[in-house]
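Each of the next two complexes has chain A plus one other chain: chain B in the first, chain C in the second.
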Partner chain A sequence: MDELESDKHVKYILSIEKKKDDVEALLMEHLRINGAYWGLTTLDILHKISAVDPEEVISWVMKCYHEDCGGFGGNIGHDPHLLYTLSAVQILALFDRIDVLDAEKVSIYVAGLQNEDGSFSGDMWGEIDTRFSYCAICCLSILHCLNKINVEKAVNYIVSCKNLDGGFGCTPGGESHAGQIFCCIGALAITGSLHHVDRDLLGWWLCERQCKNGGLNGRPEKDADVCYSWWVLSSLIMIDRVHWIDKDKLTRFILNCQDKENGGISDKPNYAVDVFHTYFGVAGLSLMEYPGLKSIDPAYALPVDVADW
Partner chain B sequence: MDYFRAVYIADERSHRSLSLTTEVIHLNAGNYTVWHFRRLVLEALNVDLCLERDFIDRLAVRNSKNYQIWHHRRWVAEKLGTEASERELEFTKKILDLDAKNYHAWSHRQWVLQALGGWQNELAYCDKLLQYDIFNNSAWNQRYFVISRSPLLGGLRAMRESEVGYTILAILANPENESPWRYLRGLYQGETELLVSDNQISEVCLKILKTNQSSVFALGLLLDLLCYGFQPSGELRGVIESSRNLEAGSADSNLATSICSILEAVDPMRSNYWGWRRSRISSQVC
Partner chain C sequence: MGGDSSSEEVGLDLLQQLELILEHDKLIDEVGFVHPDQFPALNEGPSSSLSPVCILGQSAADILNKDTVELHVVQYDEKVFWNKDHKLAISILVLPQLYNAALNAYMDANRRYKQSIRSQINKGSFDDANCGCDFDQFLESEVLKHTRALLILSYDFKSAWNSRKLVLSRKQELSLFVDEFQLSALILSYAPKSEGAWSHRQWTVKMIAEKVHDLQELVKKESELVKNIAEKSKMNYRAWNHRCWLVLYMTESQVLDELNMSRKWAELHVADNCCFHYRRRLMLRILSNGDVKEGGEKPFNYNSNVYAVWKELQWNKLLIQRYIGREALWIHRRFLSQCWIKHFANNQKSSSPHIEATGLDDFLGEEFELMNACLNTQTDDELDDYQSQAKHAVSYILWISKQIPSCSEVKLQERLKEAVNFEDLFMKYPERLMLWKKVLV
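Presenting the complex of A and B:
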């Protein structure tokens, strides 16, 4: 079987930071903080976070902070949004530097995005999605400020997005999708509300996502993609059903998506690599206890030694 | 980009700024800050939003998986109100013609139906998509959305009988299709006793198993029925037992256990799941 090319992945992640002028950099500009979270977490799982200077990272993250409202943008000069606020808080947690934040202020920003029905908007423009429920709940939990929102209503909204197959969608009635399921199960796990989940029904749907090539897809009849190694596996672990899939086959699928020359992991074998599939691949392997990797917490998406609060 | 930064920081809500946002969006339609600023400018200038809709029409085909565009589209449609419903349904149809499983398009479509209306032809639309691709899980999901939420159809119970018939035909045509099997269960959600007592359900399983003894979904549903207390016919028992002998040689003590053994053999990737199901069968199950 192929092996995980850890050193090359580390090199690949560190090299992204230096490329600032190509097309990929332009398209990533507005979500650079997401990219930083994916890259840094992967480095930490690979035991190589020491390759970056924490002070440099933290001072850049804090330049994305909007002091007036308490939210973070995706890069310096970009508007605040829940997606980027979570990444910022996760990065600070990675370096154990939550103390640089005014947690009260950030949590007021996050709590302010909760709607009357318990759902969350991503920002002041009001787009609603269970992704944002997860971002808010995960972020507030890291900051120890879950008491700032109405948790019961937040949970009820997520439960209203449950479908006949046991999965969850982005809004009530939305199709079950493994990415949305991770968000909903993660939020329910953090708030201690997994009793709302039909674990056996959802577990069966999730393990039906494993395709003949060993990889996982996100919905029926879609192609396998490395990203679902994270979304599906973490959900299966949270509901305690991960032994229902064939881990060896999935491990082989992920390893087969590596760029063995230049590092990085792609969505499918022989496709172009990118930083988030590198994260999803390495994190998926960590969830399957691949040797030599730090374990990652399936709900907080941070190494367990970081998520130990 | 630098020009955009300048007008953004100066908060200049002018026609010049609007054209700048157009240019920047063409470079990177994912830059959400630009979209935010564009909405502020549109509001300040009181621009005809039908023109804005045309702008998104042109942009969306190339960027149909971009969250910002869909969110902007919803903002425009919401402002235009119920009259926009037809155009929005038509717009999502255009995107779904290119990719019938586009998650954003389905999400927008569900929002349009609930916020602006236009349910009249939705079941027919689902049918059309399913006729084109019966494996389209998004269309099955939309079908469930319509029969359970449309104000015109009377709800799930009123629709059950005709939907069961429709779903059984879909299963018979493609027994390996995961979606209609789950849909069939969904039609009886929370009413398992009805699922068990409706002969059509066990009959469709039997019919499939007669031609394909290792059909995972037929065996899986039958297993559920047995666990819910279903009493199998002699014929059904015979089909399972002959298949059990083919797969592993010896017979098990009860039918549900036999089914699990067959499933472990024919679906090895999920053998742990089926093994777990076997371990949970109570002695009262047939």
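Presenting the complex of A and C:
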């Protein structure tokens, strides 16, 4: 059986920073802070976060901060959004430096995006999605400021996005999708509201994501993709149904998606690697207690020693 | 990024060319990013598909040997751009330069625009209204121009979409929204999953909904756009999510129309779970007839609901038997059975002229027969599709057994255990072993 090429993955992640010139890197610029979170969390799971200079990272993160409103942009000079604000807070948590934040101000920004029906807008322009509910709740929980929002309404909105198949979508009536399910289950787990979930029904939907090749897909009729190792597995763990899938086969699938020469993990075997799938592959292995990895918290998506504040 | 000034100048020059092209050909509906090496190949054959190579179109040949191309008054470098018949191709070799130039131009215009807004707020809006207005308009058009170029290159650049929203929400002119639909449609033509473009479209629809009462025509057009994009981009979650979201704005009769029209499409795309989900969304809207909106439309009655679900069940059975091993069809059947069991199966009185209302046992009996038929069509050559069909059929019955009272569940599972050899199935479908073992009572 293949082994996890930890050293090569570390090298790969550290190398991403250096090639800023190619088109692909440029087109990712607007969500650089998400990329930083994926890369840094992977390094931490691999016990190699010491390879980066915390001060350098933190000062860059804080340059993405909007003092006027309390949110973070995806890069310096970019508009604030919940997706980026969560990544910023997670990165600071990784380095145990939440103290550099004006937690009050950030939490007011996040809480200000809650709507009357309990849902969250991603930013001032009003797009609503259960992903943003997760971002808000996870972020506020890390900052110990959940009391700033109406948790009950937030939970009720998420529950209203539940489908008859047990899964969850972006908004009420939206198709079930493993990524959205992670967000909804994560938010419900953090707020202690998992009693709203039919664990057997959802567990059934989730474990039917396992394909013949052992990998997981994100919804029916799709091919397996490494990133769903994270979203499906973490959800299964949170609802205590992870024993319903074949973990050995999934482990083999992920290991098979490694670039064994240059490091990095791709979405499917023999595809091009990227930092996103490298993170989800390594995080998925960590959830399955692959030897030598730090274990990761399925709801906060941070190493447990970090999430354990 | 080089950073040297000559490269920056070249980038700026290219950006101006691109923006001129976009300004003069407002109807551009396709963009492709092409390596110049592909140019010779592009000159051959007619354009037929959406692949970037073909977007250049057949008429590229007759202009390729000129140095510069004239389009009205637009001069551009023909090694970098190609524009004809409302199609635009951009050489991938210049993308980094072009992107950086567009980024800088946007950031600069955006900064100045926001500054001007701030100073107006500080001064109070009535001060020197005229000159402020001209300047404002200039900055607005700068922002719109540069964001258009930047978004074509980097379509999920949120801040750039936001800047367009800012301009539009300050102007509040309906006519301007047309441009937003055009730009997002253009981007979706080559990036059909672009979150930025879909989200911007949704925002635009919401803005219009605040001002216009009758949205029927708009909703219909949006729904058609999704249909066309879904044709080329399979299982596109974002696209279908847009369509599901539109249901909120549909009238009851539009819901029925959509249900009718998506039927044919679903038959032609039986593996596209998104389309079946869309039908579920529409059906649930019909079934929730209790909360009919104001406006006096006739609420759907019980009989037509029974009939709608029953018809869908029959149709789905036909598809399952015709297209072997399609997970999406079985998932759809789960939903339909669930609805049937919940709403109608325990109702003994038949009130529809079309169907004999069946009780739960009759219904389960029929479903069991369907599964049996699917198992028995399994041939010796063990084709993949037949294997999947058997897996989905057994899974379906097991799943249904969890949706009914436990006394019925026990009966159904006992029948199942008699009909199939589970030890055999566990060997064949190891990826379902754990789940099935857990759910068997």
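As a convention for this text, the second predicted complex is superposed on the first by the 309 of 309 C-alpha atoms of A that agree within 3 Å, B and C clash if a C-alpha of one lies under 4 Å from a C-alpha of the other, contacts with A are read in each partner's own complex, and residues count from 1 in each chain.
Basically, a residue touches a chain if its C-beta (ideal position, glycine included) is under 8 Å from a C-beta of that chain, and two chains touch if they have at least 3 such contacts.
Fair warning: this is a prediction, and the values are worked out from it, not measured in the lab.
Asker: Fit or clash for chain B plus chain C once both are placed on chain A?
Answerer: Aligned on chain A, chain B and chain C clash with each other.
Asker: For A:Asp79 in the superposed arrangement: first (chain B), second (chain C), both or neither?
Answerer: The answer is both, since A:Asp79 touches chain B and chain C.
Asker: Tell me which partner A:Cys69 touches in the superposition: chain B (first), chain C (second), both or neither.
Answerer: Neither partner.
Asker: Figure out whether A:Ala103 sits in contact with chain B (first) or chain C (second), or with both, or with neither.
Answerer: neither
Asker: Considering only the contact definition stated at the top, list the common interface residues of chain A for chain B and chain C.
Answerer: 26-27, 29-31, 73-74, 77-79, 81, 123, 125, 127, 164-165, 169-171, 173-177, 204, 207-208, 210, 219-222, 243-246, 249.
Asker: Can you list the residues on chain A that touch chain B in the complex?
Answerer: 26-27, 29-31, 73-74, 77-79, 81, 123, 125, 127, 163-165, 169-171, 173-177, 203-205, 207-208, 210, 219-222, 243-246, 249
Asker: Which stretch or stretches of chain B touch chain A in the complex?
Answerer: So the residues of chain B touching chain A come out as 5, 27-28, 30-33, 36, 39, 67, 71, 74-75, 101, 103, 106-107, 110-111, 135-138, 141-142, 144-145, 148-149, 178-179, 182-183, 185-186, 189, 268-270, 272-273, 276.
Asker: Using the touch rule from the top, collect the residues of chain A that touch chain C in their complex.
Answerer: Interface residues on chain A, with respect to chain C: 20-23, 26-27, 29-31, 73-74, 77-79, 81, 123, 125-127, 164-165, 169-171, 173-177, 200-201, 204, 207-208, 210-212, 214, 219-222, 243-246, 249.
Asker: Note which residues of chain C are touching chain A in the complex, please.
Answerer: 1, 92, 95-96, 99-100, 103, 107, 153-154, 156-159, 162, 165, 199, 202-203, 206, 235, 237, 240-241, 244-245, 247, 271-274, 277, 280-281, 284, 326-328, 331, 334-335, 338-339, 395, 399, 402, 430-435, 438-439
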